[in-house]
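As structure tokens, here come the structures.
What follows is subunit A paired twice: with subunit B in the first complex and subunit C in the second.
Showing the complex of A and B:
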């Protein structure tokens, strides 16, 4: 038993990679579609958009780059679908330069599905340099922050922005963020001074850090990770990429839980096995797993 | 004169702007608001120049690597090559992405590469979990149990198998995590305020550079 445990602990990491790849691919190809429970923090974003009368100004800031696309893109699709269904005036932008093309694609794509016209029903302001300072600038004078939209049209002439001189005239802002500038920047430099309501959508890694802001009402709702996107899709009755990814996420989470439990079991059975896959000289690409067997004391390092 | 330009003037400007815009927040007079509007534009222009500084620094670092032939210097050549190609194509496309080479580079290289880099993390996390996530101490055991509960309760399969798993994961996030995070945020904020005061009053001068 001890020998078997030792052997399994020395398992080639590529076997684990294959396991994860299969756990991701199979549910994507053959989805089960387990029901998704909607958390209160996601429901609050949905309820707030539902409460806005048609013609209200909804600003969606897509503050992420392609690295966070799998988690935040489905959120953007769901929120835009909801906003266009509610006939809100949708204003979109990004504070991340490398996310500009992606943001443009999602905004124009969803808008075209609803027959919404650029400049009249929605606007994509694009990217403006300055990070959090853009938020202050928009709070003071929106046209100064974005003299022209992404397509070069003067923002002062856009019918969708009629009557909007600054962030004070915006009814609801949601920042979909993968870092800084993101939700916290929108709160500190925007909501605090200009008084709009703020919601957030972030990657699963960032979400736990924003719960204090949720509890105090500094943000009114929070969509966290792919799970949050799937919850929002459930609320608006849409089968999007968030829901499609939840089966894969279920499978990979269970694989990781299984691996953690096995790892601990093996260490109990074979306490002398030392794993050097992270600090050893053999930690590189190739067939070697960089493992060796040593004393229990070494294993405690 | 050199000392004045290098030390006294920056300290004076930092003090004046620091105090003025800390006070400005509490004065909603049109003049005060106008000053904030103006300064927010200035800040964005200055940050635009910071981007140029960043590119110059990037070029310098990678040039040094190529010149001294350090390990992996070939990657530095790739940096130069990719940057120059992207800039050239971007200028040719006049900054427009739709239907241009710039859009192609963005969609089929940047987007794909960044997505791949991030997705690889999932594989390494699984491998690391198998080899390193061990209950070696009380603290590690608490972390391990919390991680398992979160992973179990945040996916539909976990909630389907154990209906209480979802609310339990929510409780962990909304109570235990929130309390810890709040403490950290308060600590960071107090530290930020203290550092700001030190910078405004010239006690903290490291931003002036090593020869100050």
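Showing the complex of A and C:
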């Protein structure tokens, strides 16, 4: 057993990369369609949008850039689909300058599918500098924070923004965030001061840190990671990128859980096996030169 | 299909494969992609700042609407650039003083309210309400959260030695922290896998006939390129014998 453990632990780590690649690729090519259970925190975002009467103001802040596209783009697509189906007045913006082009693409793309007209049914305000200060500014005077929309039209002249002077007139805000400024900025500087309801959609990395704010009601719902996007797509009956990725997600998780269990088993049954040394210089994830077996003392480092 | 879309697909597929090539080892393809990413991001940001900030939020309101007072923050912004001129670099302190003063003034009360007071209230409120109803799952959860908060706080309380009851409480706090780290790690794995899925999804799309088999062709080219680079970097001769590399002078 110890010998086997040593052999497996000394295996070139690129074998694991190939394993993960296959676990991702095969389900994407041949989807199984594993069931998706909708969590209460995702349902609350959906329920809130459902409860809004047509013509209500829905503000979607796309606070991410292309680096988080696989997780947050499907969420944006699902939320925009839902909002346009409900005939809400959709106001969109971004607090991340590097995400401006992507945000414009998703908003105008989904809007055109529903035949919605820019300026009349929806608006893309674009980017304004200042991070959290933009939220405070919007709470005081929306037209001052965004004098013109992304396309250069004066926001004061946009029919979709008629009657909206500040965040106080917004019915629901959802921030799709990959970091700061993001959901935290919206509830710290926006929600508590200006009294709108707030939901969040975030990358899986930052989702655990937001659960305390869900419990206290500082955010009314939370869509976390690609799984959250898949749950939202399930709720609105849309087959999007989120659902398509769930089989692959489950397969890769299964592989990783297996590898973690195997490594822990080897740690228990063969405690003296040293996997590799990181003493020497390394130029990437390829095999290191320091593979060796050593004494139990070394193994405990 | 529009030519621009086709070119975009080939560039996206190629750069994705360049970045994935790092999984083999550090190589020129990866470094090219990495440097290109940094350059393109910076270039894009500068262009967007020019249009969204300088033109839309400054030039337009000042020149067309006469909001001359916007020149004050613009001037403060320019003063930051005096950091590059040693003789007048002290002027940048004015801007930093405004940034720090305004930032602290805005942030401190809001952060205390949102992240401390409301969290304390949220931790205690379910338990205070528990007396009015039967002790159920919600109350148990609230009790667990309260125990977690208190024991973790005890663990990070270093002013007294961790002995006796304090040691037990700190130990329980460590278990709560471990559960949190485990959950956070699980979510991190999920996030990273989602990114892989996103790129693979695009690669599969670009491997179709509509995109002229971009992913497949580029995968072959990158693999060939890596093989050639590997041969060159290991110094193999055409006969397969290893050359002795002379150290640089």
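The criterion applied here is as follows: the second predicted complex is superposed on the first by the 287 of 301 C-alpha atoms of A that agree within 3 Å, B and C clash if a C-alpha of one lies under 4 Å from a C-alpha of the other, contacts with A are read in each partner's own complex, and residues count from 1 in each chain.
Quick note on the criterion: a residue touches a chain if its C-beta (ideal position, glycine included) is under 8 Å from a C-beta of that chain, and two chains touch if they have at least 3 such contacts.
Remember, predicted model here, so these are calculated numbers, not experimental data.
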item: Touched partner set for A:17, first subunit B, second subunit C, both or neither; value: both
item: Partner chain in contact with A:117 - subunit B first, subunit C second, else both or neither; value: neither
item: First (subunit B), second (subunit C), both or neither touched by A:70; value: both
item: Subunit B versus subunit C as contact partner of A:148, first or second or both or neither; value: second
item: First, second, both or neither for A:239, with subunit B first and subunit C second; value: neither
item: Which superposed partner A:134 touches (first subunit B, second subunit C, both, neither); value: first
item: Touched partner set for A:25, first subunit B, second subunit C, both or neither; value: second
item: Which of subunit B and subunit C A:9 touches, first, second, both or neither; value: first
item: First, second, both or neither for A:259, with subunit B first and subunit C second; value: first
item: Touching both subunit C and subunit B, counted on subunit A across the two superposed complexes; value: 17, 20-21, 24, 69-70, 98, 100-101, 128-129, 133, 136, 193, 204, 207-209, 212, 215, 225, 227, 249, 252-253, 256
item: Subunit A-touching residues of subunit C, taken from the complex the two chains share; value: 22-27, 41, 44-45, 48-49, 52-53, 56-57, 60-61, 65, 106-107, 110-111, 113-115, 118-119, 121-122, 145, 180, 183-184, 187-191, 193-201, 204
item: Contact footprint of subunit C on subunit A as seen in their complex; value: 14, 17, 20-21, 24-25, 28-29, 69-71, 97-98, 100-101, 126-129, 132-133, 136, 147-148, 150, 152, 187-189, 192-193, 203-205, 207-209, 212, 215-218, 224-227, 241, 244-245, 248-249, 252-253, 256, 283-286
item: Partner subunit A, residues of subunit B touching it in the complex; value: 25, 33, 36-37, 40-41, 43-44, 47-48, 51, 97-98, 103, 106-107, 110-112, 114-115, 117-119, 122-123, 125-136, 144, 147-148, 151-152, 154-160, 166, 170, 173-174, 177-178, 181-182, 185
item: Subunit B-touching residues of subunit A, taken from the complex the two chains share; value: 9, 11, 13, 16-17, 19-21, 24, 34-37, 39, 65-70, 98, 100-102, 104, 128-131, 133-134, 136-137, 140-141, 144-145, 193, 204, 207-209, 211-212, 215, 225, 227, 246-247, 249-257, 259-264, 267, 275, 277-278, 300
